[in-house]
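The structure that follows is given in the form of structure tokens.
A, B and C label the chains in the order they appear, each numbered from 1.
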Amino acid sequence: MHRFIFRRLLMMIPIVIGVSFLIFIIIDMIPGDPGSNLLGPGARQEDIDMLNEELGYNLPLFQRYGKYVYDALFRLDLGKSYATKKPVVTEIANRLPISLTVAFNAILFSLVFGVPLGVLSAVKQNTIFDRIPTGLALLLAAQPAFLIGLVLMLIFSLRLGWFPANGVASWKSYVMPMIALGLPYGGRQLRFTRSSMLETIRQDYVRTARAKGAAPRLVIWKHAMKNALLPVITVAGNSFGILIGGAIATETLFGLPGLGSFIVAGIKQKDVPVVTGGIIVFAVVFSFVILAVDLSYAFVDPRIRAKYSGRRD
Amino acid sequence: MTDALVFKKESRLKEVVRRLKKDRLAMFGLAVICVMILFALMAGLIVPYDTALKMNLKLKLALPSWAGGPAGYWFGCDGYGRDLFARCLHGSRISLLIGFATSIATLAVGSLLGALVGYVGGKLDDLVMRALDIFSAIPSTLFAMAVVAAMGPGIVNICIAISLTNIPGFVRIVRSSVLNIAEQEYIEAARAGGASILYILVKHVLPNTVGTLIVQTTANVASMILTAATLSFLGLGINPPQPEWGALVSEGKEFLRTAPHLILFPGVMICVASFSMSVLGDGLRDALDPRLRN
Amino acid sequence: MKKVMKKARTALLAALVLAAFVLPATGAEERTLNLSTLAPLTTIDPHATTNIQDIMFHRQIFEPLFFQNEATGKYEPRVAESYTISPDNLTYTFTIRKGAKFHNGEDVKASDVAFSLKRAMNSPKVRSYTASVAEVTQTGDYTVDVKLKQPNAAFLNNQNMILILSQKEVEAQGKEFGTKLTLAGTGPFYLTSLQHDVEWTCAAFKDYYRGEAPIRKLHYVPIAEASAGLIAFESGELDWYIAPIANWSALTANPNYKTELVPANHISYVAVNYEHGPLNDDNIRLAIACAIDKDAMNIACYDGNAVNADFMVPPQNTGAPTKGVVYNYDPEKAKEYVKKSAYPNGTHVGTINCSAGGYFEKMAQVLQSNLADIGLTSDINRLDSATNLDMARNQRYDLLCTGFSPYGDYESIRMYSYTKMKGAYMVKFEGDKFDYRTMDALWDAGIATTDLAEREKIYSELSDWIAKTATLLPIFHKVQPYVWTPDLIVPVNYPNYPQVYEWSWAKK
């Protein structure tokens, strides 16, 4: 087991290097240079060149990348943002907790309403208890996040005055983002739980248990749930990973200084250290989440645990 | 018992179609999608494309005709006084095109790559899977955004960007089902018989993963339309004034409180398309999996 | 029941105790003014930004030597109390106000002013405002001489953009200045906390030489989404806001809010790249100039509330022309121009570039529709702002919808045409097509002339020269839809930069 975890941690190194290289190349392909971008229209070429030189942007791509990797590996320095001149590491350290909080809340919310309704609609398949939640789930999953966010704001900030429309002043600020993100993901979670549950219910051993006369409720809770929830964990883990950096529209709308909007601003300004650093951190967090998901599998299923302890991943 | 006997005599495809036909919700989804595609194909015959572009700023944000707006504008007008019905109708062409084209591109590239690495295994498998690990460690929206920013806007570039972010997941699905199938006896037999890799892949391996693929693809169509909408929201969608559902919704965002019909109609379109594709996908999955029959 | 009563009583008591602590702090005097910007602060170093969102805030904590009032165009003394100009118009001698203090409590000295001006001269961001300065010398404890390379009629206007900093505070922070809390300003407010992407706060500076500001505390938050910002305002989270124009009529109709539309010091225009294809044909460019329906653009972008523009700067700018060559919407004339041109009806004139997210994409769509009306076709390329800017600079556009905030003088738009400003201009006049030397000479003459009437004449000529090329087409001056709570007294809403110092809370 320890060897398995160690191996997985080692594997993150090539992933991080690959991610940083890929991002470096893509950002380089975006037209323009940070100098002209930061100085805005009306700046002269000589000032732009001067700023680019100051930022080290006049060097060839590979030289810049080499320096970046060297600094990152040996000095744990991800560079400074071209735009704000602040160290990327501290900017990310400020933003990551917010992104993690938002993503965690949203996933929790999506599980709290997605899983029970999913189980319900699977158990009561083809009844009204199935149709209404699944229909609702499909409806929610088809809404762009910014739309749900705006509507929530109109209701809870403007009409009711329960939650602030903007900022991260208190726990209240996190409620609407949680719902705005959690609703569509909860819809997906519901559908996934339902189908996973249906599949498990029809497995032979559940049928056998039923045929042997076990109470239906017992069968569902004891046998089916455990197995049906395994894929649900994966989906939740994946969604959590996606949400850390992918909640861009919601972050922008609610004024949450998270990782996603940080990287988007970086892409728009060709701020290479911001984009590369941000996405590296995202990749690392994502890898840890996936590892945690895999480990939770092992925790639930002894067969998988045996496999991890064995020769291969 | 007799049912089971009949099944065996029928071919697999017929069996699937028969089961799908019994699923009323899935058939409804299929019908809606077909109607939508038909309307998209004939959009030019119903309302000329020029109508979707014709501005009349006197009609800015006009209400739908049935809600007291000017006659002839069933969905009202947008922020430029353009006919919203014509824009939604012609928007379906681009939205459905993005949805289907990207799904099919993902399906083609993802399944071939997945089947290949799953079947060949060894170093190639390791190499490709590690490369895909890199791709999937990058948040998909951000990746698509960066790719579009680098390549410039336009339908083709947007399709490429969206497809790229979805291929890794597809490869994994196909690879794992190929790994399952490849261990089965008849494949071993074909291999022993000296058949080429490509032949075995196309003839034996791919047909057996077809179920998983179809389900995943139908689910993808809806999510791809939504991804395009998100890109539009971030200002990286297709170029105006071409109508696309996602772009129409994000254009309407600023008028949410003053003229909600601008979001309502394209929003409903996205909902209906995504709902139909999802129920169709669910139905197909049930129909393809014999274990799931009632 | 008794228990419940007891609990309620305890709660009431607790609330009263709490209120006793909290209430005095929220009394009318000490009430915090809540404001927002559209973007996080990029820096608090005023020499390191030209971003309008940054400047809106910087102007509350930093000041120039002389402040140009945006509404009147007049100069008001700030850090300097007076200035003299040498007879050859080359040396400005500023006398620093005795009693002006930095937020750290120290007096403003001539050395600080010299330091600030020299610092600006070396900063790529604001260097252009000091381009005419040869050297800055401290001639006494409270006097500074600024020597110019050549006479510059816009020098006072330029120095308005350079804010004065404390040498000691800036040097103490070194390279980190701009990223941390600072007391380097002289303005009516000083920073009390700073999280540049979450919130930042200010307090009134007690030793401010014009007297302590009536509003004692400011709280800023960045809100990128205008619709979200409006909801924050309506929910009471903000006291003053630049509202989205789409909601304007609902806001003006609401008796709970005060509203005012103020034309911004801004110009939205269409740039035409005359070097590309059909656009090289004078008649095609004239046709485009006459085809543009400024009213339609105004309605699409600002519900008709913007001010249609005849010239490239709003009238309150020094030297702004009042009459001259102007193109107005005349589709018939435009069609005649197309007929006179070497190109047939249905000619594709190229791609209209615009940045995504703002109203420029609306301008582009109306332009495309206007061109279609006179039989010219075009495409639209909507780009993120960085790419858009890069393509414009490198002359990789055919038509461009964009905008710009002048800073108080016609001279501000020199950068868009002067051929020696490589990289800055949108239209590259240098070449065989136009007599660009005449234009360059007019720019040089305009700045060298100190007599205002004479300057205005030169700029009228310049404006006509540019208009006749039909390459820079002014469309409208946008408006600022200001909305604020009636608790707040705002004597004047300025075109671009609010002066919070003048505001106060209404007496109840």
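In this section, a residue touches a chain if its C-beta (ideal position, glycine included) is under 8 Å from a C-beta of that chain, and two chains touch if they have at least 3 such contacts.
No experiment lies behind these values; they were computed from the predicted model shown.
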item	value
Chain contact topology (line, ring, star, complete or other)	complete
Identifier of the chain whose CA centre is least distant from the whole-structure CA centre	A
More contacts between chains, A-C or B-C	A-C
Distance from subunit B to subunit A - Cα centre to Cα centre, in angstrom	22
Distance between chain centroids, defined by C-alpha means - subunit B, subunit C (Å)	45
Distance from subunit C to subunit A - Cα centre to Cα centre, in angstrom	38
Shared-contact residues (touching 2 or more other chains) in subunit A	30, 150, 154, 267-268
Subunit B, residues touching no fewer than two other chains	149, 253, 256-257
Numbers and ranges of subunit C residues touching at least 2 other chains	227, 384, 387
Interface residues, subunit A side, partner subunit C - complex	30-33, 35-48, 50-51, 54, 83-86, 94-95, 150, 153-154, 157-158, 161, 164-169, 252-255, 257, 261-262, 267-270
Subunit B - residues contacting subunit C, complex	53-55, 57, 60, 79-80, 149, 152-153, 235-236, 239-241, 253-258
Residue ranges of subunit C in contact with subunit B within the complex	226-227, 244, 246-247, 249-250, 295-296, 299-300, 303, 356-357, 361-362, 364-366, 368-369, 372, 379-384, 387
Residue numbers on subunit A that touch subunit B, as the complex places them	11, 14-15, 18-19, 22-23, 26-27, 29-30, 135, 138-139, 141-147, 150-151, 154, 191, 195, 198-199, 202-203, 242, 244-246, 248-249, 260, 263-264, 267-268, 275, 279, 282-283, 286-287
Complex interface listing, subunit B residues touching subunit A	130-131, 133-135, 137-142, 145-147, 149-151, 222, 226, 229-230, 233-234, 246, 249-250, 253, 256-257, 263, 267, 270-271, 274-275, 278-279, 282, 285, 289, 291-292
